[in-house]
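Pasting in a structure now, in structure tokens, and then I'll have a few things to ask.
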């Protein structure tokens, strides 16, 4: 077992385990915090896949942004006076069966497929990708990039609008 | 003769200024009523300024009619160019604008009437934004009809004008507005369909050499359609005095006759007038009716000279029927607006009679009558509008003695009424007299019979005057106020035009003279040549 | 046993299944969102893995970047929606919000 | 342009200036409006007199023509254009003085008569536009401008008749005047159309010279006659000739000075003037029709005048009768006599109206003073004995009455004699002896009814003493015009020979125009005709004095000495009296025929329009709708039936799987994933 494998299995474990906590924990705050570890694990896996830039992005956006947002969501929507911030499950049996079948299918497909592989582990020298990504973003992918920026802008404005308008409305409870 | 502003021809400006105004009106929030009104006014005023400019720069010696060289303020560029599409062939449609003595007075009239319509719409409150936007669009449609020299373009503007009119009557009209609007719409649509058929038949019959590529192409160019040499041998409308040509002429004629309106296609007019708001009545009578006769002069006569000459007598007869029938119907009306609507039928009959005479005086008289009827009837409808605004009734028998209560108003009214009667010194007389003088030379007895119309006109007009303005004021109208400054502003320019043209008709006759002569010579010449062949 | 493409794919499959499970079963809307994030992450892993082993280094990473961007946008909008739902129904439990039934 | 024509133009335009000033600044002038108008007319009169003398001193005619509208085209090798212009010949010069003089006097008279009127300045403005249009008729040298001013005169007459438009009868009368005139003008206009078509010119000179060269409308003598007669139609309307005379008596609804100006002296004389102007192109046939029209008019009106009681109505019918006289004079060919009667009649008839105005003014004030609102101030039966109270009015009125009755030494005698001599000459040449018979008969009738009026008004006893005390002579500003006009009713102003005018200046200056009509269809040549008039003159004079004398005597016998009871006559001839009193039932006849037919046609056509034509239109719409209903039924039962069945089936199906719909998103999602997995499995 070389170092690479050790690191891989470590991150794989962290990811899967914390994901399990996310999914199965009844306490929503626990879930949120274990999601942090999942993201870390995934970032590690990114590094192992020669994607240093993405790993950093993953940390910045998921951990710094999305997770914080989710936590805000939890706090804003949960009645804090009531300590019980657990959330229940539903449809457990059909969901378990469906997911099991799905997992089986996916696993089977992944396992049995004869993937086309051009570069095996170790073929590729470890190198930084930031520069290449930067180039690609402003040359070949400039259009999707711009579209994405517009989408972000719209999403931000839209989110702000929705939150604010309903905020105003909440002062006189809805008639419906 | 060309005149460009910012490298865009003046006719395009004239036509599309209202569209710019419309866009601005649409962008304004609907609470900004004052801004909307002023925007509309400013744009129509600009149009009037341009029309005056055009009038001043217009070369009175050039005839136009069938020759592109003497058309003025021309603008031509290729507009639609579809390469060969199967059996249809390649389609080339030009954006071809230009005016001559036939259209110049109409352009002038349209600009003035539109501006006045905007002023008279000042008190509209019901969804004002939509109203002014539609009004401006209507303005563009009307102007476009008068300046386009390409049949296709002409047809487009013709239809563009139809829709706003429908809504303006149907939404802002009186109690029976839906009925009137639909009647108007169906009538004119029927006319449009016939026009479209004739247009397509012409399109497939006429070919010209494309100056760009040198190949033979079909064209919608009206001037090309006027030249018999451009008709393909064996095409549906080739030759002269053929049944197909007669049929096409009749189709075109009915299309235009509905607009004029010529008996028996006239019944949309009273309903539309009665139900439409004042400003729309003004536009209807002032400009829309003229499109029918303008179409005859621009398309019917020069493109089908043989058929026009062949059906000259029936045309004149319809003119006679219009005059007498309209006058009689007017006499029996009890509704002020309906009365004026029927008087329009009668007065448009004079136009028909005049242009059917096929000589200079008659043609000039008819063309001048188109202009004069526009101004006079506009005044009459505004006058009705003024009292309707105050009293909310149009019953002739509901009034009396307004002369004492509203002296300024009555002064203007006297000018309008007597102009309609055809009193010398006011514009109506000159055009009526010329139409009849001309027509008499072609149709002796018919004209004598038609001349009875002037007695009938005097009869019903004075009767109306007596019922509404003379006598004693009923108690209930003690609160009526005299005409206000805004209403004076819209009536006085018209009164000035009526007086000016009455005293010095050369102002307008000069503009039309060369074209009228050329048109008469051309139609008679072509038809004469046809007979020789 | 060296680490092959399949290893990464299996991790991604596991994450995906967890994500789907969370989406399907959790009552709390925020939990559903977390499940979605898991699914997106699993997809990203797939992208990177295929790109790494398939020899198209940058292209896969580009796709992953856009996925992250969309995830961020989605999270923002979704949270706004959740907040609205909360304001309106005073709960974020999706099973109680069954207007669709009517 | 000749300098005098500038003055003529000034004469024409001054009243227009007065009109414009008064219509726009009338409120500012207020009671000074009368002075403003009168001043303008005073200047106008002086200028006219200047023109009169300078024109009569020279032989040439002043003419100024310019092209008004050029059609820039050529018809029959003649450039097509409309020339208009003004001209002054002797006839015009005389007419200018007549119009401005009467107008000036009426302006003056009205200052007092109308001073309490609510629309004082409007009244003067209308007088201004009337004078302008009338002068226009006189000054123009072509039919187009003639027609233009003709109509403008109609307008101003409309405005003045309807001056008191609050009264229904006044506005009715105004309307009637305008419409009836329009009927005449229609003929005039058709005449103009014929002339224009044939000669492509409308100037008198152009037309007459063309006819002189043998150019006849459509190459037919009948059309030439027709053209002349159609133009004469204008005169029939304006000069109130039979059968269009009905408007003039009604026009008395206007203020009395207006009646004097318009409906006695000037406007109605315009028709006579038109005939005089058109004289050169009238054929013998046309002249005959004109002569008969005039004769019938003269007789009918005179017969009606005998039995009327309203002082203005009597004068109105007398006017119609005298106009008939003039027209008859022109018709028989006595051109100068006809024109001269026009001038002399203008003076004494204006005088009569103004004098009657003075009487009405006095009566009105007396009645007003007594708060009597029932007695008609214009009814001669309520007058009588006013002589002592209103001496100036009485004496001037007497002079006018003598003049109109054709008593020697008056101007009326001179002109009437010449006309009667003309009728005798006419019957001598053509054998139409009915015309002179009517002429003399009417002369007698005129003398009779005029004296009847005079006697009833001024002589005898006033049966209400109290009222008589309140009657006073009118103010100076009203009596001065009367005196001026009375002076002008004497013979000296027209001829120094009191029994024959033919040596006076009028006959010397107002020579017959050259007849343009081809000889074959022309009436008796002028020279021969004048010769014959001379022959007949003495006889005419004797006869006319005799019949006038008889008429006057009868009037005195009946109404002054009361030897014959007028009432007894009236009772004995009740039907005749009623027939005359109701004006030969002309109004009723026209109401029942022309008016009723017009209105009936109007209603019929309006009904036709609304019911038949619109019915067809709506019917087409209805039919379309009916078809659409059928297709709608087909649609809903057959086509929709099929569709509904499908829907029903689907609904049945839906019912069974309804339970699946829990409304929970996640449940749906499970199904979605199952579906996805099924697809996946299939794919693998």
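Letters are used for the chains, namely A, B, C and D, taken in the order the chains are written, and counting of residues starts over at 1 for each.
Just so it is clear, contacts are C-beta pairs under 8 Å (C-beta built on N, C-alpha and C of every residue); 3 or more make two chains touch, one makes a residue touch a chain.
These numbers were taken from a predicted model, which means no experiment stands behind them.
Enquirer: Can you identify the chain nearest the overall CA centroid, using each chain's own CA centroid?
Expert: Here the chain at the core of the arrangement is B.
Enquirer: Distance between chain A and chain C based on Cα centroids, please, to the nearest Å.
Expert: One centre to the other, that is 6 Å.
Enquirer: Indicate the whole-number Å distance between the mean C-alpha point of chain B and the mean C-alpha point of chain D.
Expert: Taking the average C-alpha coordinate of chain B and of chain D, the gap between them is 36 Å.
Enquirer: For chain A and chain D, let me know how many angstrom lie between their CA-based centres, rounded off.
Expert: 103
Enquirer: Once you find the CA centre of chain B and the CA centre of chain C, what distance in Å lies between them?
Expert: Measuring from centre to centre gives 68 Å for this pair.
Enquirer: Do you know which chain A residues sit against two or more other chains?
Expert: 90-91, 95, 98, 102
Enquirer: Find every residue in chain D that makes contact with two or more other chains and list them.
Expert: 664, 666, 670, 673 - these are the residues of chain D that touch more than one other chain.
Enquirer: Could you please write down every pair of chains that are in touch?
Expert: Result for touching pairs of chains: A-C, A-D, B-D, C-D.
Enquirer: Any idea which chain A residues touch chain D in the complex?
Expert: Per the touch definition, chain A meets chain D at residues 90-91, 94-95, 98, 101-102, 105, 109.
Enquirer: Can you list the chain D residues touching chain C in their complex?
Expert: Those residues of chain D that touch chain C are 661-666, 669-670, 673.
Enquirer: What does chain D use to touch chain A in their complex?
Expert: 664, 666-667, 670, 673-674, 677, 680-681, 684
Enquirer: Give every residue of chain C touching chain A within the complex, in rising order.
Expert: Its residues touching chain A are 1-11, 13-22, 24-31, 33-35, 37-38, 41, 44-45, 48-49, 51-55, 57-58, 61-62, 64-66, 68-77, 79-84, 86-88, 92-93, 95.
Enquirer: For chain D, which residues count as touching chain B in their complex?
Expert: Touching chain B: residues 23, 68-73, 75, 80, 147-152, 155, 158, 162, 165-166, 168, 171-172, 174-175, 178-179, 182-183, 185-186, 189-190, 192-194, 196-197, 598-599, 601-603, 605-607, 609, 613-614, 616-617, 621 of chain D.
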